[in-house]
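First chain written, first letter: the chains are A, B, C and D, and each begins at residue 1.
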Amino acid sequence: MSTSSSNGEKRIRVGVVGASGYVGGELLRLLVTHPKVELAMVTSRQYAGEYVHRVHPSLRGFTEITFSPMDLDKLGSNCDLVFTAVPHGKAVEIVKKLYDKGVRIIDLSADYRLKDPELYKYYYGWDHPYPDLLSKSVYGIPELHRDEIRNAKLVSCPGCMAVTSLLAIAPLAKHDLIDLDHIVVDSKIGSSGAGGKPSSGTHHAMRYGVVRPYKPVKHRHTAEIEQEISIIAGRKVSVSMTPHAVNIVRGILCTNHAFLKRSTTIQELWRAYRGMYRNEPFVRLIRDTKGLYKYPDPKFVVGSNFCDVGFDIDERNNRVVALSASDNLMKGAAGSAVQCMNVMYGFNEVEGLLITPLTPV
Amino acid sequence: MSTSSSNGEKRIRVGVVGASGYVGGELLRLLVTHPKVELAMVTSRQYAGEYVHRVHPSLRGFTEITFSPMDLDKLGSNCDLVFTAVPHGKAVEIVKKLYDKGVRIIDLSADYRLKDPELYKYYYGWDHPYPDLLSKSVYGIPELHRDEIRNAKLVSCPGCMAVTSLLAIAPLAKHDLIDLDHIVVDSKIGSSGAGGKPSSGTHHAMRYGVVRPYKPVKHRHTAEIEQEISIIAGRKVSVSMTPHAVNIVRGILCTNHAFLKRSTTIQELWRAYRGMYRNEPFVRLIRDTKGLYKYPDPKFVVGSNFCDVGFDIDERNNRVVALSASDNLMKGAAGSAVQCMNVMYGFNEVEGLLITPLTPV
Amino acid sequence: MSTSSSNGEKRIRVGVVGASGYVGGELLRLLVTHPKVELAMVTSRQYAGEYVHRVHPSLRGFTEITFSPMDLDKLGSNCDLVFTAVPHGKAVEIVKKLYDKGVRIIDLSADYRLKDPELYKYYYGWDHPYPDLLSKSVYGIPELHRDEIRNAKLVSCPGCMAVTSLLAIAPLAKHDLIDLDHIVVDSKIGSSGAGGKPSSGTHHAMRYGVVRPYKPVKHRHTAEIEQEISIIAGRKVSVSMTPHAVNIVRGILCTNHAFLKRSTTIQELWRAYRGMYRNEPFVRLIRDTKGLYKYPDPKFVVGSNFCDVGFDIDERNNRVVALSASDNLMKGAAGSAVQCMNVMYGFNEVEGLLITPLTPV
Amino acid sequence: MSTSSSNGEKRIRVGVVGASGYVGGELLRLLVTHPKVELAMVTSRQYAGEYVHRVHPSLRGFTEITFSPMDLDKLGSNCDLVFTAVPHGKAVEIVKKLYDKGVRIIDLSADYRLKDPELYKYYYGWDHPYPDLLSKSVYGIPELHRDEIRNAKLVSCPGCMAVTSLLAIAPLAKHDLIDLDHIVVDSKIGSSGAGGKPSSGTHHAMRYGVVRPYKPVKHRHTAEIEQEISIIAGRKVSVSMTPHAVNIVRGILCTNHAFLKRSTTIQELWRAYRGMYRNEPFVRLIRDTKGLYKYPDPKFVVGSNFCDVGFDIDERNNRVVALSASDNLMKGAAGSAVQCMNVMYGFNEVEGLLITPLTPV
């Protein structure tokens, strides 16, 4: 079904379901300039018929596409790949139907992230109707699951705080360096992470200037972090995660506090992190003793697909602080999704994603 | 040396050393309207001779006092009480000399906070010259040391993040509820906490929008928290503290992560916190299931002397998250100082401090 | 109907209609600590029965009053004075009925600000049903109408941008210094000015960081400015006003551009402004050549009832720039309202309003 | 001197003088990914020898180039084109010497913007030493001077507020629609416009939340706007400009208030603006009646090279409000510079500049 681009190059035909939200808008931002992609169909119930730039003003001049109403048959017949960017619980059926039609899918909701169907009951409050499909879904972090993603029919993109935290903790777990019963993940996230729907808690006068804890216990991303760290560690781990809303729009910082099993040097940590990320195009190790950027800070990844990772040790109590920063709409959502697409189709993994962070902003 | 106010009421004569900084300015804001205080002398090397409202524009119209150069003799002879609000390391001699002159002192630097002189070497890099005076200094948290403060000649006000964190952890330690070896304090603080001196890291274009970890290990306030929790717990504890700069000017949130020794209910926690703070005028317990203010958030204490405290439990792994929020210039500095003054002089403890938070701001 | 306070002093009984909004909350903030006021009744349809601190968290600990449903009879029988803080168009009937019951009223909506009933049609889209009452309503700027306010039964508080702009332009118009056909008012205002109701335009991710023109022509406050300047100038004037939403919560800056009729010196301007405001407690003239505060800036009035005013001249083209800054919830709304109340009841005009701005915040 | 790129395509060799500032950093951000450019040399006195990503963290991973000390001979022999991004007054000699060496230059300082040497005395306080070179310099707005830029040896990029304002006023002046004696330009700009040097006025705690007028009269960009509008109008005009610092990092809004000479319709204005900008790739006309983006707002151009332009009319007093928004580091500086480079070398004018704005951010 692929089409040809102006220079004769094959392009895949791509659909975006739920394209009027922030994640959908960010996907469009990446896809309209991606050289291997033809944007075939973008859907929105609310804005069907409207130009996308009316909802996403930044795209004015970049595309003349309009929103279509949701139509699974059309998506099935027009698209090689569909990104689903609808709220949690809304993707579960859409994904199943598209899957059955043989379309490849990258889902950005939580509906196919967790392997254990019981966890949907605990964290989301509903029974997962397709446990079989859960087991076929690949968790979309190329740094952890690249080979599986390559051949996946269904990729489930990670939660924005989950992927950010995981990239910092993974090397520590992989090298058996930390006490897996006392991992504390303290996350800070910008307002775009809550989506585009206005509420009293997101109203500027009330949201501006907050350092607001929300779901200090039992946040849903906890389940993803535990799932993936358990796989790496080869045993069940328990993670203590507390997210906070802070006064930015884009960006996540995860401060991952852990306790070292034994006295460990900074050099050992470097080896662990470099060993894992040496060839990763989107993980940058940050540690400096001078300048403006000594540890990861989301300010310096805004607009890019980087997850910056750093760490420090407190020898007094064998504590390690592993820090990770990302743009929640990029590496935390749309950027990871496009990176997965590149892997799935054998494109250069960085295609369309080599965007510098915007600094200062 | 006390003077009479217009209505015949006695006022104490107060001096402020280092009155041009943010903490100094906030002290002046409180003192110019305090009914028991006559502002006798405010010093600033840099601004000697200038009207204070040139440096603190908010005071225009509230006082015509000008900055004086530092003069210990004049302070000694003109003041009943002196607040010292100079940088760490600069107060150590000033306080000693004023102390020897018999003036009562409330020091807002770190120079007399720690009981163990060795810790000055470790955390501040210098030998404390007056270990005897350290032992006489009272740590200025009325909620923990009210009786000692009453008769103190020297009160040392706590670090802003230390007092905020301590008020959340103290009830847990007092009731022996938590594992004292795995306390993680993750703090978030506004830019006024760094003082008024410009630098590349505080430059608006670089400081705006950050979620910047700084001193992720070995931050100086760690020592104060460990000192006080150790006193309460009756054993030496180790605290893991990591502060972050966030995109606000005023305010601190401390997310204090701890692990419960045994299964504990929310009701037990309520009892522990209520038992300790029931009669405290400046600690508010925050926990709601609806509305805009479910957990402590510095947005809702800005400008006030409150420390709001709340908590939640994750039964999955017996974790408790104790949250505390304050205005770093108020309960975190000048407000606590004035509260200590009220205690020292037998004034109503809330005198001059019953200021509502400014919401929304 | 007045009651006695604890110290035997008479207090007036005050009601607030529409107390759950931002202006209502700010009124409560001022009234709960006002020594001459007893808060008799506060109404809210949406929150009837709830403690006010559930909606206004900053008031937790300051009052145990709950919201009542609207009941004009109860308001009439329980209150000496009622503040009405409901949306434009909602006050018109409430005010009329309370007026007819003989209660004194301070209305914070626009419904009784304009003298010319035709303007309600043009700017608000409805016919004013009580033109007679319009003519009895006093426009609530004490600096312009103090004597009328003293005896008023109905005071209509000015629009937040209108009062801020008027205080800067009035001395120029009074002294016949400017071309009254080319007055340009360029206003910048924080998000609290738009009230507490969430919408896509006030959603943090979309409202944060804007410099958003709204109603660049025909903004409703234009009518108030023209009305009052016309009175001062003794002829009909036309004002060109354009407001902008900027990335703050509280505060207004009005940049009032005008052209001098003849070459004028800074000294002449000083005389005009000092002549008008010398004895005004809430207008501060700001003009400095060094320091942080050279011209008015809302940052330095936050939380206070001040309107700071300043100016400069461009001799090249005989232009004057008159600048004025206020807190839109204080001098722009609740602060002005309480100031009017103080005037109406012969209290000290600054009673309950001598609040320092909160700096830095 | 041009080199070949990997795909055999010719690249020009480019130098950047003063590459450690914000404008320099933004230039590098654009140049490292520009397909027609080889970055030959970037200079910084302060950071000579350091990797550029130490100063510009966003470039980590994009280039391994280090800062060189300034060396005019090397620049002359290594570069086809040099961008000079040094402070005003520092470029005047550097540009002259490079010019004499035959290198093409795009200067981002103000030193060669004004045609009338007298204006340097008035606005900058020094005598321009090279009035001849002033007359050869081309003012770098392609929308106004494309043909001259094509062959220019020296292009002087406009001031950020000047270009933003000019693009909004130019069509009005060109079509003789407005009173040229009463143009009021009210500008709002983010903190990056003040450069990277810390000061008390740019310190986060003091700069955050301001709406601060600075240079309300006689701002230097006034001269540029008057110069260019005078050319378009064919007579000397006088512009009244007042800039304000607002609480964002990137972005400019210019609210250009003018008075129509005669009754004019919105349709006439559309024709004037469309006539001038129909084929301009970086000017977008913004005017909508619904959605989030009804008028220009810098929030929606952040990171891009667009200048969004819109307008409205107040028939009551024949006023037009022409609004324009840009990113001060892009269309206001580095973006315009690269656009000029593309024109000078016959590249596709949008090469390297088709970057979507980052929304929301």
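Here, a residue touches a chain if its C-beta (ideal position, glycine included) is under 8 Å from a C-beta of that chain, and two chains touch if they have at least 3 such contacts.
Owing to the predicted nature of the structure, the values given are computational and were not obtained by experimental measurement.
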Chain whose Cα centroid lies at the greatest distance from that of chain D: B
Distance from chain C to chain A - Cα centre to Cα centre, in angstrom: 46
Where chain C and chain D are represented by their mean Cα positions, the distance between them in whole Å: 39
Centre distance in Å when chain B and chain C are each reduced to the mean of their C-alpha atoms: 36
Junction residues of chain A - those touching two or more other chains: 22, 192, 200, 205-206, 208-209, 247, 249, 292, 302, 360-361
Graph class of chain-chain contacts, one of line, ring, star, complete, other: complete
Residues on chain B engaged by chain A in the complex (per definition of touch): 181-182, 184, 186, 188, 200-201, 205-206, 208-214, 216-218, 238, 240, 242, 244, 246-248, 251, 253, 255, 257, 259, 292, 294-299, 302, 312-314, 316-317, 319, 321, 323, 325, 360-361
Residues of chain C touching chain B in the complex: 22, 25, 29, 32-33, 54-62, 192, 249-250, 284, 288, 290-293, 300, 302-304, 306, 354, 356-361
Of chain B, residues touching chain D in the complex: 22, 190-192, 194, 196-200, 202-209, 247, 249
